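Consider the two complexes below, in which chain A is the common component and chain B and chain C are the respective partners.
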Partner chain A sequence: MSSLLDMRVIHKRYLTKDNLIRTSLMIVSLPIFIAFWWILALYFQGQNFYYLPTPLEVWDALVQAWTQDPATRLSLLANVYASLVRFLLGFLLALGLAAPLGLLLGYSRYANALAFPVIELLRPIPPIAWVPFLLLAASFFWGPILTIFIGVFFPVLSNVIFGVRSVDPLIIDAAKTQGANRWQVFSKVMFPSSIPYMMAGVKIGLGVGWMCIVAAEMLASQGGGVGAIIVGGQTVGRYDIMFAGMVTVAVLGILTLLIGSLIERRVKKWMGME
Partner chain B sequence: MDQTFINSNRNAALAVLKAHIEANNWIVETVANKNTTEGQANYTLLLNLGASFSNRNTTVVASALEHMTIQYNLTEAHTNYFKNFTNAYVSSGLIKATDVPDVDAFVNGLVDTSLLAEAISVTPVSEDATLTNVRIGYLNGDLHQFSRVVAMSAEVGSLLGLGDRSVFAAYGINAVAPSAMPGSGYANGGAVMTGFAGNDMDVGYLGAPPTILNVANQKLDVSIVALANTEGSALIVNNDVESIDDLDGLTIGEPGISSIQYLLLLEIADRYGYEVVKA
Partner chain C sequence: MDGNGIILSIKNLVKAFPKDDTEMIAVSGFALDVKDGEFICLLGPSGCGKTTVLRIIAGLQSATSGELTLKGKPITGPGSDRGMVFQEFGLFPWRSVKKNVEFGLEVQGVDETKKNEISKRFIDLVGLSGFERSHPNQLSGGMKQRVGIARALASNPEILLMDEPFGALDAQTRNLMQKELLRIWQETKKTVIFVTHSVDEAVFLADRIVVMTGRPGKIKEIYTVTLPRPRDRGHPDFINLRKKILDELEQQRQGT
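Moving on, here comes the complex of A and B:
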């Protein structure tokens, strides 16, 4: 009887018409996209334009790249590893600096007044524009990493500042009424409140980070990288290789976003927000 | 050269080639006579044209001229080189074997020497003739296309007795830059080929390797119609390197995987039992 009740609850909660429609649409979404891509590629190729390979040609290029990508002469995993190392270093560096700085600037109006003009001046500059300078100034190893750093730093920073400022003044007053000192208000109220905003910044940064890495690796890619696959394929006119690199970035982007979401959920649980 | 351009405006294609031949011959003669009293002024002009285009000093231009052979004629020996290049690309995987099942047929279809033979007899147009716009793409600062630089010079046109106009203009051509070409020229041959792929270019000055790669992989309707030079692609090393074996373990720069330099590097490595790996 109890399990029947459970089933009814599950049915009521999950098997709604709206959920079924949404799940069905999600299932058919990718096949529709691939079919559309395939038709478009065949259409272009029929017109003697070969810059859009079919999904099968891209798959073949991926299979070939698995052993050795002819453009970079490295295996796909070696290229992915090279990009991932850059990505993680740049990302962690940005997070490690942007989070405390964001907390400080969100909390202290004076610190914010000092930093605001410089931050607003630097923020609109696309990270890609820094690449040539960073490659020369910070070496071919650190240059691409610092490009990712710039891409991730500003979204995280802005979100953390916004998060600290969005704390309900009533909660701060309540904490003060309970006898909390300034440090306790900061550490027990403001910091925890900024975490969801920080995570939103992290998610934006994850996407921007991959855009930056590809741009940086198109100019320099010590030890390979997915950007090197893309630019290498383009240079020799092997657009199947170029798209194989693009698909790899897409998959890596999804994976890192999933990991980001997982961490976000854990953090929220840990903070008692779920 | 773009095949659609050749088919739609064969006279313009022949005129471009004739200007190329004239410029080519002038360079060869100028270098040959550089030590004669009457040839010195022309040689200085040649060096200055090269220096101005390449942003290098005249010493570098003079050195470049010593190391490359300026020539337009396309012979069977060159076609055989192209076949070797294509075979190397197929075996390295940069060209899919399914795209080029027959290398001989592919290269024979790519090379068109008929235009060159026909272009020899093209004569200059009258000074008031309307010029035909031809979009000519080239590499940034690359002296291998010295003929194009010289053919753009009104001073050389005047020296050749073609009037106060460039060699191109004398043959009825107004050489214009492809709309998407960076101001100073394309970064490498692969980038030049995007001009053809994007239907933005009629004539391109670039090496055979990127042409072979992009025609094979993109099935572009482009023909190699003449040479601009041979040789001159150097490996610059410090004084510690005296043999190929001294290169073992060193980091070697090259202009890109579609370049002749990269192909030569692979060839050297193959011949001497080394493997080129990405640093």
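Moving on, here comes the complex of A and C:
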């Protein structure tokens, strides 16, 4: 009943010609892609090149990996779980450090002057360039986690700094005329108005985080992971397994981004900024 | 307060801003004594220094020289004894109407029951009961400025500073808000300094109209408005006074 109502509302709002065309195109987009992929795979296989598996073969590999992937000898869920744990640990660590540091650097011009050259020096180093060092210096457990940490840290940091600097000076004046002291201006005005920027940094970090994790796990990992599926597929010469790993990463990436957007919208709504 | 009922005293206020190695004198020799409970309008063309004067009274900017005292105490910085209402509202977008109004109380550490009581009183006063939980982005311009007024009043300031508070509103809402402000002023008996560049608005609202001229900003003339309230915009005295001030501003404009 309620879904029927929803549909009517959606139709009323979106049923313009332009929207109809765009929605239809979006619906057929994936099937077209898969069809092309399939045709291409069949064509290559007809020429005796077996590098590109068909979507069906990848699906079969996924089904096989679900119970036990031949390279890591783990179930798909165990591999996903291993990556997720790393992802979450590295992500939360980065957020927990980058957010307060960003608030400080956005607020204090002196602190920023002190930190700016170091940050600008470290930022351009691709997170993946740290992996060999981290795997040696840290451990097979902490290495990938610290890689994600580095990947997420910088986007969150720059967005929080930018957020603090973008606070509307008018509401700072308003707070001052209401008797707020410096700490209260910071905690009650600058901090809350920087939260949406922090969320934007988090969303960028979510994307970068998956890149880092897969890269790190491909170099080395302990206890599986989605990156390990891909490399494992390579070592046993199974292209379908490699693709199964890639599809898994894509799905995980989309899911985390969706969750991130959902949280962002919730926060904005809760803050009355929607 | 000095025995003579002067609440705010400004003596020889000068404000200079640095500009290309030299200085730009924005306000010069501004002097004014404001009586307790008085409604003052600061009137003048844009750029003549009205906002600067108001922000210095608020303590948001410092004077280059001059002496400002509120109830005999020198003004050194912003404080809750002066409430400010801004043209662009300056509300906290993530706070509900109630939480916006309670900001000053929260900052002063007022306890929960007292906070609820005071915010309810001022939300009622500005006619926003029922909108306590709304956020600024859900309100019209007029309603936003009602929140701005309630917020400024809630911390019980000695004086209310208003910088073109109705400048962002459409004409109809503006006239309504002028009436509402007079009602609130009469109920709370606050001293008000109201900045505007509208002669009509000044004549409608003020006990005294302080006309400023620009470059550098100084006081040209002070008119005492004795027309009884509520004022009738069609009354000959209203029209005459408005014309007189308009003529003076026009003269000024041609002089420069």
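Just so it is clear, the second predicted complex is superposed on the first by the 262 of 274 C-alpha atoms of A that agree within 3 Å, B and C clash if a C-alpha of one lies under 4 Å from a C-alpha of the other, contacts with A are read in each partner's own complex, and residues count from 1 in each chain.
To be clear about the criterion, contacts are C-beta pairs under 8 Å (C-beta built on N, C-alpha and C of every residue); 3 or more make two chains touch, one makes a residue touch a chain.
Quick caveat: nothing in here was measured; it's all calculated off a predicted structure.
Of the two partner chains placed by the overlay, only chain C lies in contact with A:A180; chain B stays clear of it. Touch criterion met: A:I171 reaches chain C, while chain B stays clear of it. In the superposition on chain A, contact is made by A:L74 with chain B only, not with chain C. Contacts of A:L20 after superposition on the shared chain: neither chain B nor chain C is touched. Contacts of A:V189 after superposition: chain C is touched, whereas chain B is not reached. In the superposition on chain A, contact of A:L255 is made with neither chain B nor chain C.
Of the two partner chains placed by superposition, A:L122 touches none, neither chain B nor chain C. Of the two partner chains placed around the shared chain by superposition, chain C is the only one that A:M271 touches, whereas chain B remains out of contact. Residues common to the contacts of chain A with chain B and with chain C across the two structures: none. Residues of chain B touching chain A in their complex: 92-94, 96, 188, 190-191, 193, 197, 210, 213-221, 256-258, 276-279. If you check the complex, the residues on chain A that touch chain C are 168, 170-171, 173-181, 184, 188-189, 192-193, 195, 271-274.
Those residues of chain A lying in contact with chain B across their complex are 48, 50-51, 64, 68, 70-74, 221-224, 228, 232, 234-239. Across the complex, chain C meets chain A through its residues 55, 58-60, 78-80, 82-84, 86, 88, 90-96, 103-104, 106-108, 135-138, 151-152, 155, 161.
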